[in-house]
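This structure is in structure tokens; I'll ask about it shortly.
The first chain written gets the first letter, and so on, giving A, B and C; residue counts start at 1 in each chain.
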Amino acid sequence: MTTALAGTTPIPRELSPGERALRRLARRRGAMIALGVVVFFVLLALLAAQIAPDDPLATSWSAVRKPPSAAHWFGTDEIGRDVLSRVIFGTRASLLAGVVSVSIALALGVPIGLTAGYVGGWVDGLISRMTDAMLACPFLILAIALAAFLGPSLTNAMIAIGISATPVFIRLTRAQVLHVKVEDYVEAARAVGNSHLRIALRHVLPNVVPPLIVQATLAIAAAVIAEAALSFLGLGQQPPAPSWGSMLNTAKNYIDNAPWMAVWPGLSIFLLVLSFNLLGDGLRDAFDPKST
Amino acid sequence: MLRKSCLVPLAAAIIAAVAPLCASAQTLRFGLAEDPDVLDPTLARTFVGRIVFAALCDKLFDIDEKLNIVPQLATSYEWSADHKALTIKLRQGVTFHDGEKFDAAAAKFNIERHKNMAGSNRRGELAPVASVDVVDESTIRLNLSAPFAPLLAQLADRAGMMVSPKAAQAEGDKFGAKPVCSGPFRFVERVAQDRIVLERYPNYWNKGEIHLDKIIYLPIVDSTVRLANLKSGQLDFIERVAPSDIPGLKTDARFKIARITEIGYQGITINVGKSDLAQKNPLGKDPRVREAFELALDRDGIVQVAMDGEATVGNQWVAPSNPFYAKNVPIPKRDVARAKALLAEAGVPNPSITLMTPTTSDAQKIAQVVQAMVKEAGFDVKIQSTEFSTSLDMADKGQFEAYVLAWSGRADPDGNIFSFAACKQPLDYSGICKPELDELLNRSRTTLDTAERKKIYEQIATILIAKDRPDIYLFHRHWLWAYSTKVSGFRPFPDGLVRVQGLKLN
Amino acid sequence: MLNHLLQRLAQIVPTLFFVSILIFGLQQLLPGDPAMILAGEERDPTVIAHLHEKLHLDEPLPVRYLYWVGGVLRGDLGESVRIQKPVRELVAEKLPVTIELAALAMLIALAIGVSAGIVSAVAKGTVWDYAANVFALWGLSTPNFWLGIMLILLFSVTLGWLPASGYVSPFEDLKANLAAMIMPAFVLGNAIAAVLMRHTRSAMLQVLSTDYVRTARAKGLDERVVILKHALRNALTPVITLGALEFGTLLSGAVLTEQVFTIPGFGKLIVDAVFNRDYAVVQGVVLCTATAYIVLNLLADIAYYLVNPRLRDSA
């Protein structure tokens, strides 16, 4: 969009910080590859039913723990199911685990952090102490206790991970708010008479977004691993529904005689998480090139 | 500079890994599947603790491989004419690990401790024992309120274990931290979740049979890691090998495998009267639906797929090889056609059931196989995975329709059935409550004659297995042990315990 | 500065209070009657009743909380119902083990992370930069329990170089201890290496472009000396304080690592206790680790202030 006054030549608009960041991101090859991988997995999840060769739940007593072959590219598991199909469908659970958990953490953490940072005073003190308390407990213990409390299922695992990841976002948002609160334009907005809510949402929040995006991307990576960890303990996605974490949990018992059961889900977790990490890195560098 | 200083610790680490192999020749390192709970026979409640007790604490009686009662700290026993008093002759010359003498007074002390100590888990096992008399220095008499056939089997387990009265009185409820018993090995140390160390007791009454100097029990929960330890030489003996690891071990010349059918069972318990849910679901309401469910199962298939063949199919609370197995109710063959017919007759061609399944890997596998099998008859089974502790609570409250349940088993068949099928008993999760059944169950406990007991169990089986089916028994697992060829003299017992008499390390 | 310090010290109390409520609440709200689970297979009603009384299970939640806190303030963290051992003793037994594991993991993380960070910063934009990046990220991207099992299979079963599990006290046999700890420490340290690498890299890059480094270079000093003596010393400061903050991550990772390698530390203790509903153990142990974490945080802050003269003045 160019601003054009009558009778003048249009002045090319300066790029917004967001657009500048995206440009920088596009130039980083590693981050672009990572983005590509993420998109690939998302497509896999969405089109699982079309792509997967077999029904991921179809058991076959005669094809138990068969090695990779033409019929089953990734082999079969301990009750005869096709590993490739389960890996493809498992993408859904892992992506969901990552994205939903982090969405919960954002939905809870950002408003609380905003409030703490903006309002200050005893409200900030209270929220900060409670956040410190949550951060002081080992993340996995919190998640385990919550998941055990809610019951073993993918949904509950996501809620548990989401809640356990919230304090980080509260802290991050609060720190950013404190940083931005004292900027001139915020002072100006207040002077003009804007309501606090308006200032918080229109002026403060947009500046908080970049580090949040970076942290969110990294948090998705951690959440995918956390779901695998909870499944390892029996608290995540329950069989027969496929999820890479629970597939790994079962596969570890058959490492000697059916290693393919473990290789593919493990590799998938690794690729997905690595991609999110690289993407997050790229975003961080793109938003704040000084930190590079 | 950096790299050189890494070589030394690395070399040291390699040497350290090899060194233990040259250590004490008669120390057996045993891999347990769990960490035992408190090492006090009165308070103990886990199966795995009993493995340690087998070396640490002798009991009045023991069982042999055929589940017959054999003497240990007691030499003989005699029932009174009315079967309400059991006179036990005790072995002479036995001492506890602290040197104290084992005599009638000590035996009486122990029985009373099992019965009266706060928090004792043996109370129920010795419930009919009203009092203990010291007849003479090496004879005691147990006076019962009613005849009780399973009593001897109880005295062949924790309820018959004898601890030193002096130590028990001195330590009180902290006894479990430093147990003093009279078994072949005495307690040295225990680091929770790490190890339990026992050393040979030189004054053991049967020391001729004991060839080991030391036993170290190491709890390693993950079966893959436990096996890895055996293979890498850090363990000499492991219990509960995963069935899927057996084929690989068979071809490994360094190790031997042993197996035996357990005295417990694996089955599915159905809520037939524990709560309202019983009436709200077709499986709980109509015995025909339960019969159809059972007929839709292929027990051999379940064993093959879920247990890799390492189990014996069964349909009762005792295995088919058990003397008390009711031969009048044999294992049915799979019959999907008849199952469908029964469902049609009952008016529910496609019953929908929720199967509560603990998150243990065995239960999960069984549930998935069962789900697929009964689908062919029209059942729609939904698997509800529940954390083990939570599942127990829900079962107790009757908040389930069907529940995948395993029982570790007791030497006397009464231990496998009474608490599960008698009215309002703590393990009656199915909620079955029938006066004629209770009467039979009570008689099965008070009758001492084996032939008569068998007949009573046949009658019980007719009601429970052929008619009502509150529990559908699937199979009896195999206890699986693997050990290095250095170990000799191992005898498998159906109770899954490893007895140290005769064990040798070459 | 002193003001700030006192303020931080004062904050410890309400934070710990919230920790206690959080952990207590979570534990007690776990479904299932703990007495039932702790009572043993036969579920003897007498034993269950006895446990109900002993653990005050019939009292309302706030009352039970007060019982527990009262005990804690007197130094009594309760007792493990499962093995009848005071939690205090369990903590004393397990703490050194997890601390050793954490310390070794930290060393490995520093070794890998810092070196990768240096390489990455000095060779910025090249293939080495990329390689170092991916190598450090690898640690974050693999589930550590998974990595643990793979390593056991490789080094213990296949090669037979290292023990598959278990723990020997360093005072008993230092070599055996290190042999048993090196794999789990590596698995744990991996994840943190990535974080350290990133921080080292950005700190190094910042410092490398400053005036006095340029001056040092202009003076003709050996490049390696420039990096090691001038850049690294300044870059390491925030990295070291970060170590304290990563303590929480270490403990989280230790939970699964200890399970896989059967190291008798805090992590294993807590997981088993959650599943066995051994409340006192979970509550007591988490309270201890939370306290340690908070104190470490405080020390890190102090260290940061002391080392950074600019911040000191502005505070």
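For this structure, a couple of remarks:
Criterion: contacts are C-beta pairs under 8 Å (C-beta built on N, C-alpha and C of every residue); 3 or more make two chains touch, one makes a residue touch a chain.
Since the model is a prediction, treat every value here as computed from it, not as a measurement.
On a Cα centroid basis, the chain most remote from chain A in this structure is B. Chain C has the C-alpha centroid lying closest to the overall centroid of all protein C-alpha atoms shown. Across A-C and A-B, the chain pair carrying more C-beta contacts is A-C. With centres taken as mean Cα positions, chain C sits 38 Å from chain B. Inter-chain centre distance (chain A to chain C, centres taken as mean C-alpha positions): 23 Å.
Between chain A and chain B, the centres computed from C-alpha atoms are 45 Å apart. Shared contact sites, meaning residues of chain C that touch two or more other chains, fall at 31, 149, 153, 275.
Taken residue by residue, chain A touches two or more other chains at 148, 151, 252, 255, whereas all remaining positions touch fewer. For chain B, the set of residues touching two or more other chains reads 222, 224, 387, 390. Contact residues on chain B toward chain C in their complex (touch as defined above): 9, 12-17, 19-20, 35-38, 40, 43-47, 118-121, 123-125, 173-174, 176-177, 191-194, 218-222, 224-225, 228-229, 231-234, 387-390, 392-393, 396, 407-408, 419, 426-427.
Against chain B, in their complex, chain A makes its touches with residues 59, 61, 64-65, 78-80, 148, 151-153, 234-235, 238-240, 250, 252-257.
Of all residues in chain C, those touching chain A in their complex are 11, 14-19, 21-23, 26-27, 29-31, 130, 133-134, 137-138, 140-143, 145-146, 149, 153, 194, 198, 202, 205, 248-249, 251-256, 270-271, 274-275, 282, 286, 289-291, 293-294.
Within the complex formed with chain B, the residues of chain C that make contact are 31-33, 36-47, 50-51, 54, 80, 82-85, 90, 93, 149, 152-153, 156-157, 160-167, 173, 175-176, 178-179, 182, 259-262, 264, 268-269, 272, 275-277.
By the touch criterion stated above, chain A contacts chain C in their complex at residues 30, 125, 128-130, 132-142, 144-146, 148-149, 151, 221-222, 225, 228-229, 232-233, 245, 248, 252, 255, 262, 266, 269-270, 273-274, 277-278, 281, 291-292.
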